[in-house]
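Quick one: this structure, given as structure tokens, is what I'll be asking you about.
For clarity, chains are labelled A, B, C and D in written order, and residue numbers in each chain start from 1.
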């Protein structure tokens, strides 16, 4: 019963099949293949405008390359204190950008607000003594399993534009957010002011495939040079693009995300009914954050339920995280629910 | 008829099968999986000593991460003027190391010699005014399809040790070299003084899999931090390790390389028999460099033979490169040979 | 009446005289001159052990070069949220180190505590997902004009050693702290566990002179390469060393700092007697932080008193900073005191 | 008798006097002082157009900051194989730019030609596999004591513009070149297509003062952020600007350079008359490169003549360098000439 992360699961058969298809015959190397072209067209349709698309193999690469493109080495990037770029990527944005600084903001439910950005900016307007405000980065869905509404994104984007900053979205779980909102992909990206998106697939059925999507071609600049010199331009790039192509085909990405979200809702419903258990945040995507008492946690572990501790809370309860994948076996959720209900 | 590069070909079915195997069930993410452990053991056996192994997805990442580990930001790295790190990786070593300098040396048949290193070193012994000599990097097999002999490597290594430099080997086509020499893998690596090896698989049947192999554990230092912050630690690392595991199993890597070498020998034999055609270098691995007259090149192109021009030579002939893969169809070689013999 | 900063003042005549002395004749360039050697000997005496000394022209260079020497590019450096390296150096430590992260800690009176470091460390022990703990940096005297006691430094150093981190001290106002404590220079540096010190002179009478002082020769590594490639090895290095030599001679540095501290005490005493004015921190060095009501601030400005606003406080008062230099004219303090007493 | 370098000499009394003048009273720190403004106006007059001026303390800083401004981290910078940025600055351009590559070109008399640039460019037009052509850097006067003519600079600039590259000039000895050509400063800079100039003063009488001069304001971008985060924005910037102000006043810079050049001519004339001695390059500025036989070199050294060996030449003679400063004592030249004539 593995609820540690959606990346603990393997790959969807449809994606493996696409790899096998892609494996035959020769193809132009280094992204000049037909697969990559088709992915760009597919994403242009999804986003209802022409976009520039660059496949990479990790979310860290997608984020760090995006941020290095929109921030100079002496830039400041504003993000949530718990964002993946801040706490899980070993200072990759600092490395790729050549020394930019991440400025972390607190915010309820994993979200940052225009007010928090504004307060932080006050310390970054003193001229050359501080790094130059360069970008805001938000995560959709957030690191706490919540989802930014279009108007929340737009408000952040307006603040960004006023300060001539770019708006980046870490969409490692973009499909989960989109499914939840049930709106158009454009509504929470370029129409809301997002300049560049890390479009994730690895956590939702792919082996290793993310795409950097630029909505403003002028921002792309020399992204390809950056990707190449970071060792992220694969000679057989078609194998990354083939994953994304299969991921997008037949709306699989949305169906899989919807399935993961539904499973999360199911488990959340169970948790809500357990005494002394409390959900810490609205469950909007495929992640659940809940406060659980120590004895329950011990029982769960003894029964083989895997998950991550997030923090110890003062009343003796622990904040823990459960992540659901469309590949999470139904029976695992059932067994886990039984354990919970036995309390 | 694609002779442009071994990376123009796809992936071996055995490797795809391993991916499918790896895709089921859950696994610890970020390289904590069982696959990665098994690859380390397999390579330790192959190299007849305990080695530290770090899978990555590109040769550029393998090379740049290796070099950044053995060179400080103010280091000088000595390599052949035509080495991949010098001409094909968009200054990735400079990026990963934080500004080290590649010092390029001329050398016949794609090889550097201790004498060439020594001459260059003369300019790098003036103290802080020049970058500090940090490493020698050689390519095995070389960018001209030749193969360093164990004693050639040892001689370079002795020079490196005297200057307290590390010796790195770019083994994108390591299997092809090893097959040609018919010696033990240890003989051309740590026994000959190599400290760290970029062990390639992508050009020889994998989708995207290389392994950085450290022979001296003390050199590893914080390699894992470097890989992570470069976005090269995949969450589903098992899919890279699974490729390498399948690649090494049943001596496939050697058999495939031997097949590619044999195909190169066959084509080279044909070329030797064509008037006004000349082989530029000994054909020892799976690459052929030959001087061909313009009319022949035009016929070849018209007939659909694909290859890379390397340089224009003064007598009207062009130096071109042909690369053979174990996946190159026999019939392509046959058809190409017929075209050649018709001259 | 300039109380904005000690760097608003010029240079001491004794230091200018030393420059004129140094200007005649030829000298070996790039730090091979006799002046630099003499400075090393003088500081070795002051610190009662052999130290390695590297003069530079700015505190930012001293700090960033020191930190880059003790932190890898993937390192985490723990410091106060208001430290100069955090808020006044435009991410220079990030640049020089190649991407290390500054982790900022809150702490009363400008000081960090072992507890604050320990709490922050909890987020940096998760292996490669976070930068590797590399160093603690403290400022002596602090950015709030207070002074770390030897035992406070020792406690931080013990925490650093346990985690294999280095301890750096930004001593832009080291002389002011030392004078206040009236102890040996060794007591608040290497005897308390400090590994490397940015020893300031520019704020205390020099034109542009700081010295990086390493107490542990093993930590020096290739500092000289770093200084050179950062453009901080002057061809006529003697002119920086000459400033430091004159600064140290006849205990000038201590006398000047004592004078600045005394002036600060005098002004602080006056401020303590003014209604509705409150000192925010103990005045221990040459800086005063005080809460002043708006009408008083307006009178002060109208009368030509220059100073920096630090923050607006809720009760209508503003936190402002006054810095005293040994060069601050006595009559300026008198005039300012009169203005204050008129309230 | 020191002919090793112009930086072996001290500072001119006029410059020291300016420092003493600048030392009194308070001034806005970090370049907001009146001195820096005056220097910008003085240089704008000299160059007959409005220029942006940024004082720094070393030529390495001036060059590396300039190049980092005009080259992205993935850029290629074309320069002479013996240029200061290539051989004397410990890879500072690589550091400041974040990994750009210096591509070194051979060329007679220390000069590069449009043809040499064009040949090198052929290897840098393959797209993302190579760094992107970003800049040409030339030295005026060159590292071999020769001087680019306006039309030579213009020809290089045209090639640069065609490739969208910037043209940087390392003018560590700009005054010596200008004096020799006896033309307007504009003629060999912006009118000939130079975009940014490292304007030197340290080798010609200052203690530590260079100015980065941008002719195209659009290129300046965030130069000030770069200077600050490199630790090259001095708090008491006025002491650097004061040096430059005094250097420019009353045409001192040109008079001093003319004097140095004249001294070089005098010594060159003597050398021309000595048997078995040969000048290696035209003597156009204040450096002389000559081939001298071993016995003569031994006599010279025995007599206390200091100079640098440049290279050993096959016929038993050694290429050596003599540099003249306006501060080189006349009697030293006389004594040296006597030694030479005694051969």
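In the analysis below, contacts are C-beta pairs under 8 Å (C-beta built on N, C-alpha and C of every residue); 3 or more make two chains touch, one makes a residue touch a chain.
Everything numeric in this text was worked out from a predicted model, so none of it was measured.
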| item | value |
| --- | --- |
| Most remote chain, CA-based centroid, reference being chain C | B |
| More contacts between chains, A-B or A-D | A-B |
| Distance between the centres, which are taken as Cα means, of chain D and chain B, whole angstrom | 41 |
| Cα-centroid distance, chain A relative to chain B, in whole angstrom | 34 |
| Chain A-chain D separation of Cα centroids, rounded to whole Å | 50 |
| Residues of chain B touching at least two other chains | 73-74, 89-91, 94-95, 98-99, 128-129, 131, 225, 228-229, 233 |
| Residues of chain D that touch chain A when the two form their complex | 30, 72-74, 98-99, 127-129, 131-132, 222, 224-229, 233 |
| Of all residues in chain B, those that touch chain A in their complex | 2, 5, 7-11, 13, 16, 19-20, 22-29, 56-62, 64-65, 89-92, 94-96, 202-203, 207-208, 225, 228-236, 239-240 |
| Sites on chain A touched by chain C in the complex | 73-74, 76, 87-91, 94-95, 98-102, 123, 128-131 |
